[in-house]
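Multiple structures follow.
Shared between the two complexes below is chain A, which pairs with chain B and chain C, respectively.
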Partner chain A sequence: MAARVRALETILTQKGLLDPAAIDVIVETYETRVGPRNGARVVAKAWSEPEFADWLKRDATAAIASLGYTGRQGEHMQAVFNMQDQHNMVVCTLCSCYPWSVLGLPPVWYKSPPYRSRAVIDPRGVLAEFGVTLPVETKIRVWDSTAELRYLVVPLRPAGTEGWSQEKLADLVTRDSMIGTGLAKEAA
Partner chain B sequence: MNGAQDLGGQMGFGPVAPEKDEPIFHAEWEKRALGVTLAAGAMGHWNIDESRHTRESLHPVDYYSSSYYEIWIKALETLLKRHGFVTQGELLVGDSLGGTAKPKRVLKAEEVPAMLARGGPCDRPVRGPARFKAGDRIRTMNFHPTGHTRLPRYARDKVGVIDAVREGFVFPDTNAHGRGENPQWVYTVVFGGREIWGEGADPTLTISIDAWESYLEPA
Partner chain C sequence: MSRHDAERPLPSGMDEPVFAEPWQAEAFALTVALHEKGLFSWSEWAEMLSAEVKVPGAAQDGSDYYRHWLRALEKLLAAKGLAPVHDVDDLAAAWQRAAHATPHGKPILLENDPLHDR
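Here is the complex of A and B:
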């Protein structure tokens, strides 16, 4: 596959259809600037500021854009808040839709058949494979991203974090907790 | 289409295998695959729906035995051939052998940050009010188009409730095939697990999809 991609890049460059330096900038963007730290900051702010949390519920696209996170695969955002009695989990059964602007590029498992096939029919089984066991009475809501809305899960704020700074809180917010296949880390 | 991509509820793929401390890319070629796919898309000759439909049109054996970046590259080759930018002969030798269709634009490095920050919003004004409102009971259509659709098989001919009226979005079922954007209202529709999976479904489970208006009828 390496040779096949190189051939494609060569042909398109020879024909003047591709600027190889543009590829470098695209890669650098997703390696260094756009990743799950963006989403973690959104979540930490929502945990800390009730007005921001309300805004995030009503208009996630605008609330998230106010932190500077916009763009490709995050044009239309929806935030879904975990509650004590309901856990949210996001999947794209039809392809690999994922909120790039806040989480970066999706992990391989998110794009692969085991997750895409089972998240909707056996979410508890999937969660167990991530080491997460929810109480039997906790309701599970699975959001299949079949249109252009991109979902960000806001996990429950861990106990014992009262008065923490947003930077410190953001350290507890894992990528998986914002997909719904994990929970936020406990306060150390 | 009822293709390999429509995975919800299929069985036999084994456990999810999350990788600890997964790197953003697993090989150098994956970086180029991402970049070349985005840059070629920026030429403006196909839309995201045509891209998706090209990926899901891979033979199921090919689709299931390919990683996601491999799927992207295989579909990109098809798109580039379809739109007159490369030939099969060129792909075989790995060299340009002649002409090309004229691109609408070529993405330059300095334009990338703005292009990524802008994305490709697909909200559009819709003529006429939304047919449904939150709380309405609907039934999804039972159809099996040979072209592109975003109504998964598991959610066809099922009764659900409108959870939210979203916005007008480009309609993928026509847009993927060059038949226009035809924007429609999109709704988040929620189903009980039992409605979808029947006996034995997790009683605490609800599933939602985002559905275009023409996927729905009153129930």
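Here is the complex of A and C:
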């Protein structure tokens, strides 16, 4: 596999279509600089500032870009807000479309065939595997990502966090809570 | 994590590193870089990748995901006439020979292929 990747790189570099240094920059960016911390900041801001939450609801692409997080594939973002009576969960049944700009790269399970099929058929069962049990009356809505549209779940703000700084709030926002396979952490 | 007896459990190791081997990161970055060069649209890419990951026999734990990814990229670049399959085959073989001929700990260079400049 490594030799085939090298071969592609060599061919495209020779054709002047690729700068090999760009490859290292991209790997470094995604391994160290882009991660779920970006999304956590978006969520914490939405929890703290109603105007920002409104903007995020109406035009997530622009609201998120205002924090400097822009998609590299020109994809649109939609934020889906959890409510007491509705929980949101994100999947990409086709391949692995994922909101990279706010969550980094997807975890292994997100790309696995069982998650891609079962999230749609049996979301409650999948949530149980993640240790999440929701009240039976809570509806679960599953959003299927595409190459053009990616979703960010805004989890419910945990109780007992009134007056917290956005920084402190962001620490409660886990990656899984923004995919919808988890909830935000409880206030310690 | 609790696990009930679902027919097809989710893979274990919920927080493994996203790339298991360096070539996976390179294949990923190569795709992002070529898309940014405008060589294909992201929808074209997603279509090709989704066709690959759908093939029967895909590993249930997702461990072959980047194998599919690389195959999708090769197919897309071949279809666009940017990297014909036989060129990739030849060069991959050259890289492999170069790797074998390079002393341990030295960087692998294509020039190290014993058949280089034949």
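What to note about this one:
By definition in this document, the second predicted complex is superposed on the first by the 165 of 188 C-alpha atoms of A that agree within 3 Å, B and C clash if a C-alpha of one lies under 4 Å from a C-alpha of the other, contacts with A are read in each partner's own complex, and residues count from 1 in each chain.
Quick note on the criterion: contacts are C-beta pairs under 8 Å (C-beta built on N, C-alpha and C of every residue); 3 or more make two chains touch, one makes a residue touch a chain.
In this text the structure is predicted, and so the values were computed from the model without any measurement.
With both structures placed on the common chain, the touch criterion links A:A159 to neither chain B nor chain C. With both structures placed on the common chain, the touch criterion links A:R118 to chain B and to chain C. By the document's definition of touching, neither partner reaches A:A188: not chain B, not chain C.
In the superposition on chain A, A:V126 makes contact with both chain B and chain C. With both structures placed on the common chain, the touch criterion links A:E9 to chain B and to chain C. By the touch criterion defined above, A:Q73 reaches both chain B and chain C. Within chain A, the residues touched by chain B in the first complex and by chain C in the second are 1-12, 15, 17-19, 22-24, 26-27, 30-31, 72-75, 94-96, 104-105, 107-109, 111-115, 117-118, 122, 126, 129-130, 146-148.
Contact residues on chain A toward chain B in their complex (touch as defined above): 1-12, 14-19, 21-27, 29-31, 34-35, 70-76, 91, 93-96, 101, 104-105, 107-109, 111-118, 120-124, 126, 129-130, 136-149, 176, 181. Residue ranges on chain C touching chain A, taken from their complex, read 1-4, 6, 8-11, 13-16, 18-19, 21-30, 32-37, 39, 42-43, 45-47, 49-50, 53, 58-63, 65-67, 70, 73-74, 77, 82-83, 87-96, 99, 110. On the chain A side of its complex with chain C, the touching residues are 1-12, 15, 17-19, 22-24, 26-27, 30-31, 72-75, 94-97, 104-109, 111-115, 117-118, 122, 125-126, 128-131, 146-148. Contact residues of chain B toward chain A in the complex are 5-11, 13-19, 22, 24-29, 31-36, 38-40, 43, 52, 55-56, 64, 67-70, 73, 76-77, 80, 85-86, 90-91, 94-96, 100, 103, 106-109, 111-113, 115-123, 150-152, 154-155, 166-167, 169-170, 186, 188, 190, 196-197, 202, 204-212.
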